[in-house]
Amino acid sequence: MMTAGALLRAMQRIRAFEEALAGRPDHGFQLFSMGQEAVAVGVAAALGADDQLLTSGRSIAAALARGVDAGAIMAELLGKEAGTNRGRGGRGHLAQPAAGFFGAHAVVGGNLTIAAGVALALATRGRGIAACMFGDGACGAGALHETLNVAAVWRLPLLLVCDNNGYSISTPQAMALAPQPLAALAQPFRIPAVTVDGMDVEAVREAAVALAARIRNGEGPAFLECRSARFATHSTSTRETRAADELAADRARDPIVAQARRMQARGELDAARLAAWDEEARVAAVAALAFADAAAYPASGSVLEDVQ
Amino acid sequence: MSGSAAATRVYFREAIARALSEEMARDPALVLFGQDIGRFGGAYREFTGLFERYGAQRVRDTPVAEAAMIGVGVGAAAAGLRALVSITYMDFLMLGLDPLVNYAAKARYKTGGQLRVPLVVKATAGARGQGVAHSQCIEAWLMSVPGLVVVAPATAADAYGLLKSALRHDGPVLFVDHKRLYPTAGELPAEETLVPFGRARIARGGSDVTIAAHAYTVRVALAAAEELAREGVDCEVIDLRSLAPLDVDTLVMSVARTGALVTVEEGQATCGVGVEVAARVREARDGEPFRVARVAALPAPVSSNPVLEAACLPDAARVGAAVRALLS
Amino acid sequence: MMTAGALLRAMQRIRAFEEALAGRPDHGFQLFSMGQEAVAVGVAAALGADDQLLTSGRSIAAALARGVDAGAIMAELLGKEAGTNRGRGGRGHLAQPAAGFFGAHAVVGGNLTIAAGVALALATRGRGIAACMFGDGACGAGALHETLNVAAVWRLPLLLVCDNNGYSISTPQAMALAPQPLAALAQPFRIPAVTVDGMDVEAVREAAVALAARIRNGEGPAFLECRSARFATHSTSTRETRAADELAADRARDPIVAQARRMQARGELDAARLAAWDEEARVAAVAALAFADAAAYPASGSVLEDVQ
Amino acid sequence: MSGSAAATRVYFREAIARALSEEMARDPALVLFGQDIGRFGGAYREFTGLFERYGAQRVRDTPVAEAAMIGVGVGAAAAGLRALVSITYMDFLMLGLDPLVNYAAKARYKTGGQLRVPLVVKATAGARGQGVAHSQCIEAWLMSVPGLVVVAPATAADAYGLLKSALRHDGPVLFVDHKRLYPTAGELPAEETLVPFGRARIARGGSDVTIAAHAYTVRVALAAAEELAREGVDCEVIDLRSLAPLDVDTLVMSVARTGALVTVEEGQATCGVGVEVAARVREARDGEPFRVARVAALPAPVSSNPVLEAACLPDAARVGAAVRALLS
């Protein structure tokens, strides 16, 4: 069980990583998770070595939370051969199955049926569960329905995690999706579903651990909706559409600040320790960036490798 | 390309927005469906101003559900409206092929002429650093579907003129707009000029070799032609514009003069646009020989990696090399 | 409002039509509705001249119930130019939009999103609703999810009718579908849903009329599940997989016999009248078959007509 | 076709069932997914006996959800199992193209070699009186997808041998089985004989013209060859078997002898298999001329109507006419 401090530090590392990358607009656009760190960290805290995590294209937080090496992720995002995917996947396709991060897939909803298949393979092997993170936008896709149904009929060890930041690019959830809450989508399939505050890392962790336990217990799939908020624009090349006050209200719910405050209130953390952890995270991010910058691009002659 | 004094210079996206706006004013039955096409104005800002002018009933933001987006557009069109469905990345057209190919393309035929489907599916194709699932060009698949018209403009004027023709056609049309064309600008004639289906455009006159391309690769072909001109090779560049129907006559007349054809496309060469173009020309010349070469993406997924994307896609250098090899 | 007798006679005409066609195996396979007549007749009874009905490939009952000419339907099923679709559609694609039967589509779930579009067109015109009949098998398809969502978000005048005969070819509902009842699928979208006995034509009619009234009233889509039973094999060329006793139990619930019995119990029908109606239906079916047999096949030279 | 004494005569479906059963025995990781493939034994009875022998965990009846069927198969295969997904009608492959093309075909590439997807999608193609949405042949679309292998047997022996190769391949394979082949029978060698990818079969030797076909059209081509033989025209019929990779060498050697190539396919001619085959041969012969003709379905939906279906599909008469026209 990860401690409150470990949860906080994992979020700090993600934030620092993305801030370091954000300072470097010289590598095409990126899909940041700022504000949504608690979802990735809380879910990853419920997963073990035999488990696999799949995500949408917004995957930096999940990859780091799952323990994939920061340097390899940064190198991948900068298109370097030293990246997790040898620089072939890039933003939206980060993957390291050997580390339990089966990977991101940039097709909205496109990883859902894949995750059901991964869950089936794990069930056949007899060890591990699959968790799949997707956004609210994916809840409009038929793939979710087909996945919920087969997962329920076959009692697959699958944890479906909706990281609901309330928007699909510029489209607010309510304009595109009738279900309220989105967790209600699981009910017809008699799949247990919970909605939690995605800005509260301990709440996410507890819900994920509880649902994962049921799944490991052979009770079939479960659905976890985490209400989060995206602090940055959809991508670094997308224009912002939300009002300043809405953004300010979101930022006031910063999951990192909230966890730090909570720990301080519980007397588990003092300002000095917090600052030290922040600095540690910053240093790690700078190191990852340095590693990535020093790494080489793939040779153009390798363009036909690993096609078939 | 220099237009008439009255012509205005507009960005590709402006040409599309103007065609849409004018057609919506002209035909109250026209409804638009797409992700973030409302207040946001579309991924490429090609829907700018339409929501404000025509409202939420006619400019509909949809959920991320390509099958329903196209299916709803098809049903609405078949039942008396006229629909345009915007698919932000042609890769995701795959999610909506069932309503497009199994229903829309066959509705008129299978109902013995009772139904018509005045639908335009606008699908944005091509690579621009977005990776393996946001870069594909599958227009050749749709070219093979009876009942579908497929157009792919390379200029602002053709985007405007072909989109207008598509929005007045009484059957389903695939309108392919390439990502890399959005930052480009071109001249739009002052007077409304529609571009008919099945009519290619000679983008550059020449006598030594015919280069056939469509969408963004027309610009690649023109760049190659400039280089080759310096070497004394005079290329004729034909912008196909309309893939189904194809303007075989224009191609045949050009090849009759040049005796050599190089096809260029960003999609795959295998079962692609170019191989079909060459075959149609050959069939029209019944057997009279001519030299042929095709340039296309290499047979690999298109990575977002800058080095690998560039290595995979056809560029002016590869077109130039193909022309030199063909003429040598 | 159709009388009890009108409902019965509509079912009798359908049964007689299919029995006449069944006697003629010389035209490829057919998809019969025997046993499911009450669903088509009850739903059609709730539709008016401005409405449109769409169905799955199992569409003979629906087309007849909607009032499409029996001779034209028979001619279509036998591939004749005099058919509703000039013989081009055939089994699985019957259509006559001018008669309010927008048509069948043989892709399972393939007519759902189309029906939502038809509903949108009708709403724009300001008159009429769309009804779409589909089987239990279609409830596993993502198209249903996407249709439920857009119909709810846009409050489309759409009546979704699940004609649940319990099987997708050989696959029992419970083996392929987790939701129980299937009407539960509408709940997350806050779409009103009802499950009725699909062998009781008056029950189907009442539920359909009530839901259609809500829809006409601008309250958005509704979902009607009708529990029916297929008396014949999936298609005339498909082998039977159900046990004899199961089939016997189904046949004991024959919707036509049930409606006749009910009317007799209510003193609304005597044996002579029932026999007369039966004979009328048989005669009409024979006439339809004679019309179709007399009609000509399309000319092979017309193969490229109406393509574009 | 007469086989060795030891050979057994089996129906096409039996060849498939045998290959599946043997491979399931050989590889416990192999799982099958499909509609009604369990007790029912599959739409064409090609899964007969597998459910009884291997059970519900490995022979999985699925809901009618092609996207999930393929997606689950892809995920299971990528995570350590080996999957075969049965798509009863190739028309419905359209519903599952996203997981097949956007994920499976790119997984190895986009993960830098970390993932492999040992998946076979078995899609039953072709027309047999089932109408506009149950008759299509879209194998040419998949031929163009980097990362996919596409095979299409015409005989029981090749169905057996190619399916076995597909079930041992470490990447995604599209296995095309044509409806009209199910009632046919052929000889199966007594000893297990795998058929490698990329190797065509000379179904009939000849010297006047090369006819290239695949799946059911091989039988159409052979029937035409019989007729033509009576007229003294000696046709070589090449059964492509493997569409991606293509066996260009065998084609080139044949055309070198005959100087004429007629391609036959049941799908559309436009951007089809035949036009690609002819282009590969031409490229391999760099420019040395030969006569070419293509025979395919007419550009219309394939109706279930007996008259219109027959009018739309390529038959021996049309192949014969094409050969005569080419040689005259």
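Worth a mention:
Note that the chains take the letters A, B, C and D in the order they are written out, and that residue 1 is the start of every chain.
Basically, contacts are C-beta pairs under 8 Å (C-beta built on N, C-alpha and C of every residue); 3 or more make two chains touch, one makes a residue touch a chain.
Keep in mind that what you see is a predicted model, and the values were worked out from it rather than measured.
The greatest centre-to-centre distance from subunit D, using averaged C-alpha positions, is reached by A. With each centre defined as the average position of its C-alpha atoms, the distance from subunit A to subunit C rounds to 46 Å.
Averaged C-alpha coordinates put the centre of subunit A at 36 Å from the centre of subunit B. Rounded to a whole number, the gap between the C-alpha centres of subunit B and subunit C is 41 angstrom.
Chain contacts: subunit A has residues 87-89, 93, 105, 107, 110, 140-143, 146, 149, 153, 175-177, 307 touching two or more partner chains.
Along subunit B, residues 62-63, 65, 67-68, 91-92, 98, 102, 109-110, 131-133, 146-147, 299-301, 303 each make contact with two or more other chains.
Viewed as a contact network, the protein chains are fully connected, with every chain touching every other. Residues of subunit D touching subunit C in their complex: 35-36, 38-40, 43, 61-65, 67-68, 91-92, 129-134, 298-301, 303-308, 310-312.
The part of subunit B that touches subunit C in the complex is made up of residues 29, 31, 57, 60, 62-63, 65, 67-68, 70-81, 83, 98-99, 102-103, 108-115, 146-147, 149, 171.
Those residues of subunit A that touch subunit B in the shared complex are 28-29, 79, 87-93, 105-110, 137-138, 140-142, 168-171, 175-177, 239, 241, 297-304, 307. Listing the residues of subunit C that touch subunit B in their complex gives 52, 83-89, 93, 95-98, 102-103, 105, 107, 110, 112-122, 124-125, 130, 142-143, 146-147, 149-150, 153-154, 305-308.
Across the complex, subunit A is touched by residues 140-146, 148-149, 152-153, 175-180, 184-185, 187-191 of subunit C.
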